[in-house]
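All chains are identified by letter, namely A, B, C and D, in their written order; residue positions are counted from 1 within each chain.
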Amino acid sequence: ETFKIGLSNGWVGSEWRTQMIDEAKEAAAKWKEKGVDVEVSVQSANVDVPGQIAHVRNFIAEGVNAIIINPNSPTAFDPIFAQAKEAGILVIATDAEVSSPDATYVGIDQTAWGAAGAKWLADTLGGKGKVVAINGVAGHPANEMRVAGYKSVFKDYPDLQVVNEVNANWDQAQGQQAMQNILATYPDINGVVVQDGMAAGAWKSIMDAGKTSQIAATGEIRKDFIDLWVKDKLNSGATVNPPGVMASALNVAVLMLQGKELKEPATAGQYKNAMYLPIPFIDSKNLGDAAKQLDGKPGYYSYTNALSIDDATALFK
Amino acid sequence: MTSTATDISSPRSGGLRSWLERYPFLPALVILIVLLALNGLFSPNSLSYRSLTGLLSTYMALIMLAIAQTYVVSAGDIDLSAGATLSLVNVAIVVLMERWGGGAGAVLLALALGVLIGLACGLVNGLVVAALRLQAIVATFATSIFFTGLALYVMPVAGTPAPALFWRTYGGRLLGLPFVFYVLAALAVLLYFLSRTRIVTELLAVGDDQQAAYQTGLPVVAVRIKGYLLCGLFSALAAFCLTGDTASGDPLVGGKMTLYSVAAVVLGGSALAGGWTTVVGSLLGALTIGLVNSLVFFMGTPSEWQNFVQGLAILIVLMAGVLAGRRARA
Amino acid sequence: MSSVTSFFKQPLVVALILIVALLYLGQSLSPGFASADQILRLLIVASLLGIVAAGQNVVILGGREGIDLSVGGVVSLSAIIAGNVMNGADGGILPAVLACLAAGAFFGLLNGLGVTLLRIPPLVMTLGMLGVLQGLLVVIRQGIPSGRAAPGLSAFVTQPLALGIPGIIWLWIVIGLFMAFMLNRTVFGHRIYAIGSNEHAAYMAGVPVRLMRIGLFMISGMFAAIAGLCLLGYSGSSFANVGEQYMLSSIIAVVFGGTSLAGGKGGYTGTMAGALLLVILQGILTTVNIDESGRQMVFGATLLLLMLFYGRGRAMRA
Amino acid sequence: MSKLRLNGVSKAYGATLALRRGDLEIAAGEVHVLMGSNGSGKSTLCKIIAGSVRPDGGQILINDKRVTISGPQAARAAGIGIFYQELSLASHRSVEENICLSALPVKAGLFIDRAAMKARAARYIALFSEVSGEGFHAEALVGNLRADQRQLVEIMKALASEAPILIFDEPTSALDRAQVDRFFEILRDLKGQGRGIIFISHRMDEITAIGDRVTIIRDGETIETLKLSETDPATVIRLMVGGASDMPAARSSAPAVVETGAQTAISVRSLSGKGFRDVSFEVAKGEILGLGGLHGQGQSALLRAIFGASTVSSGEVTIGGERYDAKSPRDAIRRGCAYVSGDRGRDGVISGRPIIENVTPIHYLRDRLMLARPSSLKNKAMPALEAMHTKFASLFHPINSLSGGNQQKVIIARWLIDRPDVLLLDDPTKGIDLQAKADLFALIRQLAAEGLGILLYSSEDAELLGNANRILVFNGGSVTRELIGDDRTRYNLYQAAYEAA
């Protein structure tokens, strides 16, 4: 059996994205051992939305069997996915959900991701105190879902007060600067909900201000940060959005191409086309394990996990 | 007045040079044809009727945006808010179409309002740049932030779908031909008539030497504002095309397109300094960007090198465009 | 009387007045904003921007629509190079500085060659170079083990060095003095203004125009590289796209400082104030609790409003 | 009834009082000459009438009715057409578009009526068809034209306004004799049609040839209006410079030929390049070699090539006996060459920068300076500026605050700080007033006497005849005649220039 799968990534501004592609390629290689020839064809470069639509067109022209996309927009691909489907191509989105009924989402539930961090923080703070949130790019669906996630949790903690929410565009330095400004004007905060790489920045500011012991904040999953976490015994908890999501999506895609059917059809999420993967969580309890997994990896390498072929097979009839 | 002319150059207009003077987009056309050929070489499928139609419909938005940019560049200005204007119009028309029920009437009314919004954005830019005399690069960057804020206010998160009527029309066929061909034809007619208008000549004269144009008696401020209005208009049209192709609203969709629109203008053979521009060139330039991206893929570039090769290819094509364009004027 | 008004029309004076006003506003909106500690921290952030803006400044002063959009890419690249060269060890700081400066100078050289030999407009050349740099970042990150700052570098950026003031702020002050001296008291500085205001006349007066312009882009690349190095010290570890935010903000800082984008007019002292102004404004906007859409609208409108104080073009009618 | 009357118009640029009290009265059917030394406010006055400068006070009356001119557009509507001293052309537009730009003919309210535009432009182009030179046609891009051709376009543009009041601010500064003659014929025609014409020139012969009345402006103030037929040049000049100061030396007799045997300063052998070919000559130390002929016959091109600003295709140049191939002006300057261009806007003025930075760039290079110490630079700059009698408030004021002529003096002064061996003068007096010209030529002769070799190209015959020891007449890019000794007459110069090449 031979399957040709196109991987499209429209933004290369973070190491997480390159790791995502690498892991997906490795996953494809693993299928060889099972006698399935999975050939991946990758388009990964900074493009605008039309540019990524062109990615999909290129794949259609190339005649791939399936397309796995980390989309630059949740909604912009509806017409082109329809065309892909017409051409008999399986479309799977990962990392960010898409509205197209012609695609399946395989990845984590970003709302649950946001909620998990918030839950940890609320419990850590004993359900009371002052909290600030440092969010990603306003208007970006993944960000808005995560925001909705933490809001839904904090709603249940009346003594927990969110005093300010700012956006630092998923940029570590901007996260650091935002935290610094916040610390100056809200010297008495107890907790911070912060996403991804910005967490490293925020923690840097917290440490520079000498407030490491007074503040609990969510963390992130790169080795550099985990090392710091271990060394300075930070009061942190990190929800994991593993870069392995695309590898998971690829395994699911191959099984679907083989004509297998999901035990539970992918009907979750706001667009009723999602299949959610489990979301790992790192806190003081399993920090050691996480650190072990990352041992010997470069500093920007993210803690990861993915559905193995067997895990994925188990999801199918 | 530091013109590039020297009084020793012989003012002969021979062969190639006079061709280039008349059709400054020729180099861009050559580059485009070469890229098409290369794409076809690596992936014959990419030259199919279907693929070419797809290329056109996907890059129609960038084409419109590049043309929008060309009009302000003509007058020696620049608009870094073109992409944000596109986003704003995109979310506004999607929200309006949805609110009004998505029927034909609603679609047309929303489009009409979209044009007005584009014009309004153009007017704001024109006022701050020409009337208040702020420096175009920074002032339009500031307005781009403002417009993005507005777009986020109108639609806090991407997601609202456009009515099927709208995008099915745009992506569909009419009398056996893809609808984008009609869009292209209409665009060609519009550009032809615009090129014959007084305003375009006046924009170019202003871009050439603003003080001289003023002393000649041209209403420089009004002319520049009109340039921004044209830019706003075409940004709105770009938003229509994008909405047709993406069938949804996204408050951030245009952000990355601004710099590509500037690149497309230069690729096409226009002088960024103003006074010498070609809308046809900008159209070709936008397609060139699309083809470079595809070519990098079809050549089989390893994924980690794709961004680099793409950047390098665009830089090289930019250089080629500028060099050829300069030959035309030198 | 007229000397009083002209005093208040100087960009630097305007910027300083605005800085004080903004700090006051910040303090009243969110108490604690103008505390000494916070001002120092704002100064650290401003100095990062200010160092990038120094290079941007000379390129803009040199005219011919001079602008360097590739600074963001160079900042990122330099942070990554520095992180790997020093790899968390103080002994690696000096080699890292040299490596970064070399890289910055190299890409500046490429920009300069494109602009002078091929006569590509700077906006286009440096925009293209930015694309190349972003691609290069992806490529080199692939095979790279680490990006950690040396403790010495981090301390230099974030910890007090002398008189309670961090080293990076001292560095910025030194750069400010150096720039003022270079622009006003050296032949090189005068020549920058000369090529900025009338390139051809400068050429006819024996100024090595191309060499100069290549030099300006190299200076810009090197300042961006220094900023990238300091940014690594600031954030502790390097990551892709660290420098992205400096592309347009460095230009805004220069414009806020009263330098004309047309070239040949302006200076660096104003730019320093401009950088500080921008950082304070962003700081205030972070601390006030409003919606992001509102924040962006306020930010955009405030930028426009502040620009009204400077950099307004000449009226057509004298 | 007067077509145009100005009463006490004034204008200050910051601290500089450009125009103190401008009074002027133009009658129908006259060519009214404005005379005044550099910086006396002539251009300012014209620009006020044309609406591109806002006056601070005073009245403007057109046909005896008080008007407010709010801008160039309003001026046009009020019936005023103008030729700007610094031109107002769009270099990437064609000749015809430039001519019609201010009022492009439209049809259907939107579209340019190209046929109408072509027809209109053709009328004005035809006026100069005999003298406009090679490469001049309706569709040529203005940027591709020579300086004199561009000036013709500006003239056509002014004429195309068909305005009852026409202003010409130094329209002839780059024109050759034939072009000037043609222009004057047209002016006489317009006069016949009853237009009121303001004409500015620093050339006395032109003024007497075309003017009816002259208004003299000194230091921004109207001094007097005279009928030219009732006065003589000496009176006019006396009024211009003010009673006290001495008159510029009356046209001195041409200097003698430098005796052979003097050392050679520069020698040029079979030099060819863009715009000139096979030019050979030698200039002795102490000699002033004139380059004559019509405009654009290769004189400028030759000087620029020697200076390294354009390429040489064959031949050689030696300075002081040494082979010299300047690849750039920088090279040339290092080897003791100096070049003064008449096109100061393009080649000279570093606009917006202080006067001191405009005087010192050559000194920086010759002395290989790294640091710029204001005090020591000032000591160097002052004598050079004083030698030119430059008027300025302070060395640290921007050069733009000076009038055109004074700017030119600053540009010349930059070459005098460190003495060059060879001085190339490319129409150096363009836009300089009579007094300054006299100063300049006195200086040039003195420099020659000190042993410099000087090459002088001038579009004014009198300057050549009065100062050059020898004159090479250029035609079609090569030297067609050499005038020595008593051959140096206006007649011979004229004849050689017009000979078919």
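Convention: a contact is a pair of C-beta atoms (placed from the backbone, for glycine too) under 8 Å apart; a residue touches a chain by one contact, two chains touch by 3 or more.
A quick note: this is a predicted structure, and the numbers were derived from the prediction, not measured.
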item: Reaching subunit B from subunit A through chains that touch each other, fewest steps; value: 1
item: Taking each chain's C-alpha mean as its centre, the one farthest from subunit A; value: D
item: Separation of subunit A from subunit C, taking each centre as the mean of its C-alpha atoms, in whole Å; value: 33
item: Separation of mean Cα positions, subunit D and subunit B [Å, integer]; value: 44
item: Rounded Å distance, subunit A centre to subunit D centre (Cα mean); value: 71
item: Subunit B-subunit C separation of Cα centroids, rounded to whole Å; value: 30
item: Subunit B: positions in contact with at least two other chains; value: 2, 152, 156, 211, 214, 304, 306-307, 310
item: Residue list for subunit C, restricted to those that touch at least two other chains; value: 131, 134-135, 138, 142, 198, 200, 292-293, 295-296, 316-317
item: Subunit D, residues touching no fewer than two other chains; value: 52, 71, 346
item: Chain-to-chain touches, reported pairwise for every pair that qualifies; value: A-B, A-C, B-C, B-D, C-D
item: Partner subunit C, residues of subunit B touching it in the complex; value: 2, 128, 132-135, 137-139, 141-150, 152-153, 156, 210-211, 214, 220-221, 259, 262-263, 266, 271-273, 304-312, 314-315, 318-319, 322-323, 326
item: Subunit A residues touching subunit C - in the complex, by the definition given at the top; value: 12-15, 18, 45-46, 135, 138-139, 163-167, 171-174, 176-178, 180-182, 184-187, 197, 200-201, 204, 208, 224, 228, 298-300
item: Subunit B - residues contacting subunit D, complex; value: 1-13, 21, 193, 196-198, 201-202, 204-205, 208-209, 211-219, 275-276, 329
item: Residue ranges of subunit D touching subunit C (in the complex, touch as defined); value: 13, 47, 51-54, 71, 307, 309, 328-330, 332-334, 339, 341, 346-353, 357, 360-362, 364-365, 369-373, 414
item: List of subunit C residues in touch with subunit A within their complex; value: 30-33, 35, 37-38, 41-42, 45, 131, 134-135, 138, 141-142, 144-148, 158, 231, 234-237, 239-242, 244-245, 282-283, 286-287, 289, 292-293, 295-296
